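Order of writing sets the labels: A, B, C and D. Residues in every chain begin at 1.
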Amino acid sequence: MALNNIYNDILMEHNTHPDHKHKLSNASDCQTAINPQCESDAILVKKGINPSCGDEIVLEINVEDGIIKDVAFDGQGCAVSQASTDIMADLVIGKTIDEAIEFTDLFIKMVRGEETDEDKLEELDEALALKDIAHMPARVKCAVLAWHTLNQMLTDKQKN
Amino acid sequence: MALNNIYNDILMEHNTHPDHKHKLSNASDCQTAINPQCESDAILVKKGINPSCGDEIVLEINVEDGIIKDVAFDGQGCAVSQASTDIMADLVIGKTIDEAIEFTDLFIKMVRGEETDEDKLEELDEALALKDIAHMPARVKCAVLAWHTLNQMLTDKQKN
Amino acid sequence: MNLYKNYFPIMRHNKSLAYLDNAATTQKPDMVIDAVAEYYKQENANPLRGLYELSQKATDAYENARKKIAKFINAQKEQEIIYTRNASESLNIVAFSLSDLVLQADDEILISIMEHHSNMIPWQQAAKRHHAKLVYLYPNEDGIITTDELTNKLSTKTKILSLTHVSNVLGAEQNIKELAAIAHANKTIVSVDGAQAIPHIKIDVQKLDCDFYSFSGHKMYAPMGIGVLYGKQEYLEKMPPFLTGGEMIDYVDEQTATYAELPYKFEAGTQNVGGAVGLSAAIDFMESVGYDTIIERETALGKLAGDELSKLPYVTIYGSKNPALHHGVIAFNIEGVHPHDVASLMDSGDVAIRGGHHCAQPLMRYLKCNFCCRASMAFYNDNEDIHQLIERVKYIRSYFHGA
Amino acid sequence: MNLYKNYFPIMRHNKSLAYLDNAATTQKPDMVIDAVAEYYKQENANPLRGLYELSQKATDAYENARKKIAKFINAQKEQEIIYTRNASESLNIVAFSLSDLVLQADDEILISIMEHHSNMIPWQQAAKRHHAKLVYLYPNEDGIITTDELTNKLSTKTKILSLTHVSNVLGAEQNIKELAAIAHANKTIVSVDGAQAIPHIKIDVQKLDCDFYSFSGHKMYAPMGIGVLYGKQEYLEKMPPFLTGGEMIDYVDEQTATYAELPYKFEAGTQNVGGAVGLSAAIDFMESVGYDTIIERETALGKLAGDELSKLPYVTIYGSKNPALHHGVIAFNIEGVHPHDVASLMDSGDVAIRGGHHCAQPLMRYLKCNFCCRASMAFYNDNEDIHQLIERVKYIRSYFHGA
């Protein structure tokens, strides 16, 4: 019954009223794949898929001078993946690439139950609301989808 | 422990001193297959194999005027199959084809536990000594090998 | 707690649980669990070639279970019963070995869009291996493959028809007898996936006149790890073996081997005797309850659930409008709530259902829903379980969308 | 009755039984039987995709068992542990899927004449399918494949070496580490049949550096119906799946499918969670006894049996003269008495041994005996069991040939 408290006010609020569910770029085909044509210098696009449950999100980020200026997403999925994405956007906007990568690492560790130190987890702010998902491994994939996708985008970006 | 009484005096005697373990025909290649060349009008040869345990016997019978004049066998195998073959030879020599077929049917039913009527089984004479093999299905194949082979030879003969 | 639940230790230990995922796997009654334990305590040994008493007992346990299964589905001969791990393996054996026997390039295999992945991907593979074509049947609104649909899709090239008896999503039962007759008239061999049928309907393979019938023990109160492939002797005898090694051979030399007779030809390696004993006990259990009771209870429960869910305007039910035609399986969606969220929130209300694609992705796309919730009943469920489900549906909807 | 036998209900129920057919299957301790029963009483459900508590418990049970197995054989990653039904199935998967990946026409597969049929016939089949050649290694007098023998038989065409770790007839242990190094230097992939090794020797797949390792649960105190294929990730990832359907796919459309990640790619259909739980408990049991104790006891028993049998002039023992090199397996013949008669008459003296070809016909022919008796020990056996065996050998000989 551990999941009861996953569907808490924070998650429900982000699910019902996601602030970041919109588009940054204009090209409509950005939705279906990583399409270099719709990446401006600043805007990166990546699709994340959870094959086992069908959640799909398209994440767009606007990075300028190593700072994440804006994040937006589109796609369908369960409340956990939708809310988790919106919460993530709130958290990383205004952060440096390095800081954002750290957040994603920390979040992924938290929901996998690998990091339980309350003090460290404090940093995650509202994302802490998803902590108990660690007790429901079948849903962990929903929660990490956006974070995983962002992590890949940013580490790829750093390499180039 | 039902098998204890299988290795009774009758079986041990036929195993140690088989009266019919010799050859009727002369052609040595009669041992390896049903070879029409070594079948005289009277002598029929057939090989019986129990693949699961490797028992092999070559059965030779001499049939004249519908009467089984003589039976002989060769081959290797366990005491059960060797003794069973020798006992069978004793039983069917001098009998008509029909009678012999009946004996083989009855014997096969007995060792499969399908016929238990003592009065009927009386006819089988010494072969009754193998009755308890019904409790050890893994050995039933050893006991029926010769009987099964003879049955096939005789029914084939009747058809021609 | 109803009397039937009382046979199941897991129900006694979870009194508030409404277990409605029986199509995934059923729970196990005491007599099945105990039969398996007793086997290991009293008569365990490697069966078949053992020449000592325990091995004989293990062989008897194994072969008596086979006889019971043959009788249960009215197979003509016990050699037609092949033990497998589960329905998936049974279906794979047919798709491998039967294809090897009968498929030529350009031949056609006919299956339905409703198939579980286990009766679909093996045929995709077989089609690829043999350069054959995989052709699909589509159901009507009630989830039924009509005789017209079959007749239209059958061609002189159709060598194999493989069809589910009862769909694991729609609960729809196909008229196998009728379809098999049409297929046979076309010289098409008929394989049936009975995984969702045998827990709910009395199976008579001779009456159905199918050539193969596959099912899993674990969906009919037996332990996991044991399944059955029934096949007509004439085909099993001609088919090449699938797995090799162990007890399934007669003679072996360095480069070749000859194979044992049926059913052993298809049973490689040490078999799961404990599983066979468990399946045998499960059959005893089902027979002591009786298919009449099973059908009566499951139909009533399906009707209750269907009627109640139909009253909720925000709920979509897939498949026939007649709950009696669902064999206890109800697939549905709550508008505006993802099935994964539904299933998780069901769990927090002690209701166990499944949410997802139910290993039937092409069907889900055909139904245009991608994902759905599925409540599936067994005869041991009761009205309270259904009420618990319905209450929870209402709660979840209002939790997401207000009262 | 010794303390170890006391852990086994079947031994408590058969106090006079000398069970010496452990190479065929071992008996099961209480803790294994109970663990399986408890699983079905407390946490049974279909694992993996369930979104409710019981399914989560079943998933945990299933995956924790996998972790335990990985640790037990020191696999680098738990994804390298594939559940199968038994060693035979594991070996078939390698022979099918690895062959599909690497074999070209005229390539060579190398196995030994000592292989169990389960590590022989699948390769005969693979060779046929791919028009490859099956080449044999022959052992020395001690049943050992020497490095010379391997070097002589390896060629640039040798793609796969599949070898038994411990022979089920001779008990001889191959030096896999050394042989694998030679094979790898030749770019030959190494698969090991560990069915007779893991009950007796601590296995470390990284130290052995084999690419595949197969074994059965039922020969190491676990229930029937569960086995393991260990494979290095780099190969498992590239190999095509074997059985298809069920949980082993990601996406499916009408004509194609993409497969799930490891280990699920090779686990089609509902898995045997009860079996996995049983195997996990069996590992706990073996670890609580400890390989040190196991080896010490089995070596002592093997030495006693070997020494005593050697004293009898009418007994031929196959394999090494050193009983310590037999891992508790002693194959022998009594002059003038067919092994089937020996086994039956052993049974009437409450001694359970096996007589026959032991699923190793080519080896039997190589040994020029066709059939033999085999006594095989586990650590729970004791000196009384061996004395009972020896007494019975003497009795049988005199029964057939006089005193």
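Just a few scattered comments:
The rule is short, and it goes like this: contacts are C-beta pairs under 8 Å (C-beta built on N, C-alpha and C of every residue); 3 or more make two chains touch, one makes a residue touch a chain.
Predicted, not measured: the structure shown is a model, and the values here were computed from it.
Pairs B-C and B-D differ in how many C-beta pairs touch across them, and the larger number is found at B-D. If you average the CA atoms of subunit A and of subunit D, the two centres end up 47 Å from each other. Centres computed as Cα averages put subunit B at a distance of 39 Å from subunit D.
Subunit A and subunit B have centres, each the mean of its CA atoms, that are 80 Å apart.
Residue positions of subunit D touching 2 or more other chains: 49-51, 53, 55, 251, 340, 344, 347, 356.
Under the contact definition stated at the top, the residues of subunit B that touch 2 or more other chains are 1, 136, 139. Contact annotation for chain pairs lists A-C, A-D, B-C, B-D, C-D, with touch applied as defined.
Those residues of subunit C that touch subunit D in the complex are listed here as 9-10, 13-14, 17, 19, 21, 24-25, 27-28, 32-34, 36-37, 40-46, 49-55, 85-89, 91-92, 113, 116-122, 124-125, 127, 134, 136, 216, 218, 223-227, 243-247, 249, 251-257, 268-275, 340, 343-344, 346-347, 351-356, 359, 361-362, 365.
Residue ranges on subunit A touching subunit C, taken from their complex, read 1, 3-4, 6-7, 12, 16, 53-54, 77-80, 136, 139, 142.
For subunit D in complex with subunit B, the residues that touch the partner chain are 337-341, 344-345, 347-348, 350, 356-357, 370-371, 399-400. Subunit C makes touch with subunit B in their complex at residues 48-51, 53, 55-56, 59, 250-251, 258, 260.
Residue ranges on subunit B touching subunit C, taken from their complex, read 1, 51-52, 136-139.
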